[in-house]
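Please find the structures below.
Two complexes, one shared chain (chain A), two partners (chain B, chain C).
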Partner chain A sequence: MKTLFQTKLGALLIAALLVGGSAAAANAQGSRLQLSTLDHLATKASQSVDVNIDEKLMRIASTALSNEDADEREIKKLVAGIKGIYVRSFEFETGGQYTNADLETIRTQLRGPGWTRLLNVMSKKEGNLEVYLLMNGEQIGGLAVLGTQDRELIVVNIVGPVDLEKLAKLEGQFGVPDLGIEPAKSKKNDDK
Partner chain B sequence: MLTNRFRNIAVVLLMLIVTSMIQAKGDDFKSVVKMIEQFYGVKHEGIPFLAKAGLKAARTAARIKGGTAKRLAEAGTVKLAVFENQEFAGELMKFRSTLNAALTETWLPLVQTLSATNQEQTYVFLREAGQKYDVLVVTIEPRDATVVQVTLSPKHVALLMKDPEGTGKAITEEATIVDPE
Partner chain C sequence: MNEDYLWDKSGEPDPQIQQLEEILGTLRYQQKPLKLPTGLSMHRRRKYLPLIAIAATVAIAVLSAGVWLQFHNREAEPTILAVAIASPPPATPIKSPPLSVSKKPLKRQNPALVRHNTQEALAAKQQLMFALRLASEKLNSAYRRTQTPTQIKNQHKAG
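Coming up: the complex of A and B.
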């Protein structure tokens, strides 16, 4: 027969699991940005690219590839733990096609709880590059990049544990455009 | 006796439901072709080279891997519809919304590329097909369009994701280039 202590302990464990599970789910949800606010820019862009690789597709990449083939092993390692890659990029023939209000729809989300902007991220490319990490305690829960040039706008959102080194490796793959990131020269700063 | 008859009717009904569900899932290719025809007021051409296209899908699978003839056998089925020398002008966003609305229930939109200045659109969708995956590529240019559906193994899908834009184009190119006999 169970004692009252055992029953309470069981209930507490279940409650803790439920809270932990929902917190993890909320965090995964929180690291996914709403990018559809930029969709209207496609009508003005000379080229727009919209990439959506969700958790299900990421799982294929990590399970279907072989460990024996060196290239495939490398890809598996790269995407391990990543739950989604979402990209919107726009190239315009002339400047002034996107507004600060367009950027604010993204930045507002990145001012949410857990998001931290990384300062001093160096890029070989011209223009402004803002890189944000979503911290879940000590762990990285997601990453976002907002890249702006006069005639170009790029938003990259990666859900899951990804640092700048991994981001640099992902450039040119899985729909992540060439951002020219130089991870070694970056440092973290909590100021926004 | 009566129970047996009811059971038989139930089995037949169940089979009809399952068949219609499978057909509904498989008919998306035709629906997309029809949707393009209605949206732009165009007509697709017959596909006399379907068998040839099958061979090309095999080659596409190999190209995704960047590999050899050994992998040709891994390719699955292919469906192809071609629209040539017709007008596909304007309404990029409206077409995109219509296409997405028609497919996103069963297909995952992997990559969508639009060029308002060149009036070009490319869409790559994915869906599960048993152990494999169906890949649907819709390419629309000002005067031509193609709809290609190929079935790929999970490994090829993984490699497709590695270069979603490039592979989407490769699938269309491979399926539509006719080799000199």
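Coming up: the complex of A and C.
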């Protein structure tokens, strides 16, 4: 009886490890979007940006971030848990170069389990902006931003936990002009 | 007394020996089929041996692969993974402060390789900065556009 129990316990432990491992891997993979469906737009675009920073490259990049500089130290903290950042950006000479079907390839993935749309700003003048979050319980497991204008298409995908407030504060650093925009939380505090 | 009886059972037997034979004869070997006692179980511990051996082999193989990969990665020429910018973005040039790279001496690496690694790290950092900046910009833009009507509304209320 004892040996039978030990056998079952061992099998259960191995099964639990396998399930746990595969679940963690699936979760990490789950927040990564397949952006290769947009690659064909690069031939039509006047400017295209393709950034693929995987976990290994994130580690390499982190080594170049200084601990002595306050800004870089903050960025190092911000990217500490991030598993990857992927960007596709296209700028076109004329409108109508990308189709709804192109956008649907991304939106379909963002309708998957775990993803929630945080913001959807629609404007004929400034274009549309959609911000999606992948939630792992109460923690953010990934971020996706889909920006569309008549002559522009941008997709940003951050894989892994990300601090939105810290990320928003990055604007204005490293030569990026600060637009004087603060997150809703701090504005509310100021109002009080 | 005829001793031949003791050797090959020929001749006349001694009565005492014959008596002894009769007494001890009851303990003579008798051929019977083997009967195992019921309820006796096989020693189950033996079943674990192959499993333990397989698990140990797999563990050793995984460890060896890990050590080999670690060593291989250290020795091999590092490569930047699929980072490509078709044309530079029209954003403000990145003005990052002078970078400091870990001052710890690298083991088993020649200066050329260290230089290469530093360049790779700098390139990766630039890509990271660009991606983060873009994400931050878009996030702020979204915040701004969602807040503007509310702020205007509040200003009207205040006025």
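In this section, the second predicted complex is superposed on the first by the 133 of 192 C-alpha atoms of A that agree within 3 Å, B and C clash if a C-alpha of one lies under 4 Å from a C-alpha of the other, contacts with A are read in each partner's own complex, and residues count from 1 in each chain.
The rule we apply is simple: a residue touches a chain if its C-beta (ideal position, glycine included) is under 8 Å from a C-beta of that chain, and two chains touch if they have at least 3 such contacts.
Bear in mind the structure is a predicted one, so any value in this text is a computation, not a measurement.
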{"item": "Partner chain in contact with A:Glu93 - chain B first, chain C second, else both or neither", "value": "first"}
{"item": "Touching partner for A:Ile53 - first (chain B), second (chain C), both, neither", "value": "both"}
{"item": "Touched partner set for A:Val145, first chain B, second chain C, both or neither", "value": "second"}
{"item": "Touching partner for A:Val156 - first (chain B), second (chain C), both, neither", "value": "second"}
{"item": "Contacts of A:Leu65 with chain B and chain C, given as first, second, both or neither", "value": "both"}
{"item": "Which of chain B and chain C A:Ala42 touches, first, second, both or neither", "value": "both"}
{"item": "Partner, of chain C and chain B, that touches more residues belonging to chain A", "value": "C"}
{"item": "Touched partner set for A:Leu167, first chain B, second chain C, both or neither", "value": "second"}
{"item": "Which superposed partner A:Ile75 touches (first chain B, second chain C, both, neither)", "value": "both"}
{"item": "Doubly contacted residues of chain A, that is, touched by chain B and again by chain C", "value": "42, 45-54, 56-57, 60-61, 63-66, 72, 75, 174-175"}
{"item": "Contact set on chain C toward chain A in their complex", "value": "44-45, 47, 78, 80-87, 89-97, 99-102, 117-118, 120-122, 124-125, 127-147, 154"}
{"item": "Residues of chain A that touch chain C when the two form their complex", "value": "3-4, 42, 45-54, 56-58, 60-61, 63-69, 71-72, 75, 78-79, 85-87, 89, 119, 121, 123, 126, 129, 131, 143, 145, 147, 154, 156, 158, 164, 167-171, 174-177, 179, 181, 183-184, 187, 191"}
{"item": "Parts of chain A lying in touch with chain B, wherever the complex brings them together", "value": "39-40, 42-54, 56-57, 60-61, 63-66, 72, 75, 93, 173-175"}
{"item": "Contact footprint of chain A on chain B as seen in their complex", "value": "92-93, 96, 108-118, 126, 133, 153-155, 157-159, 161-165"}
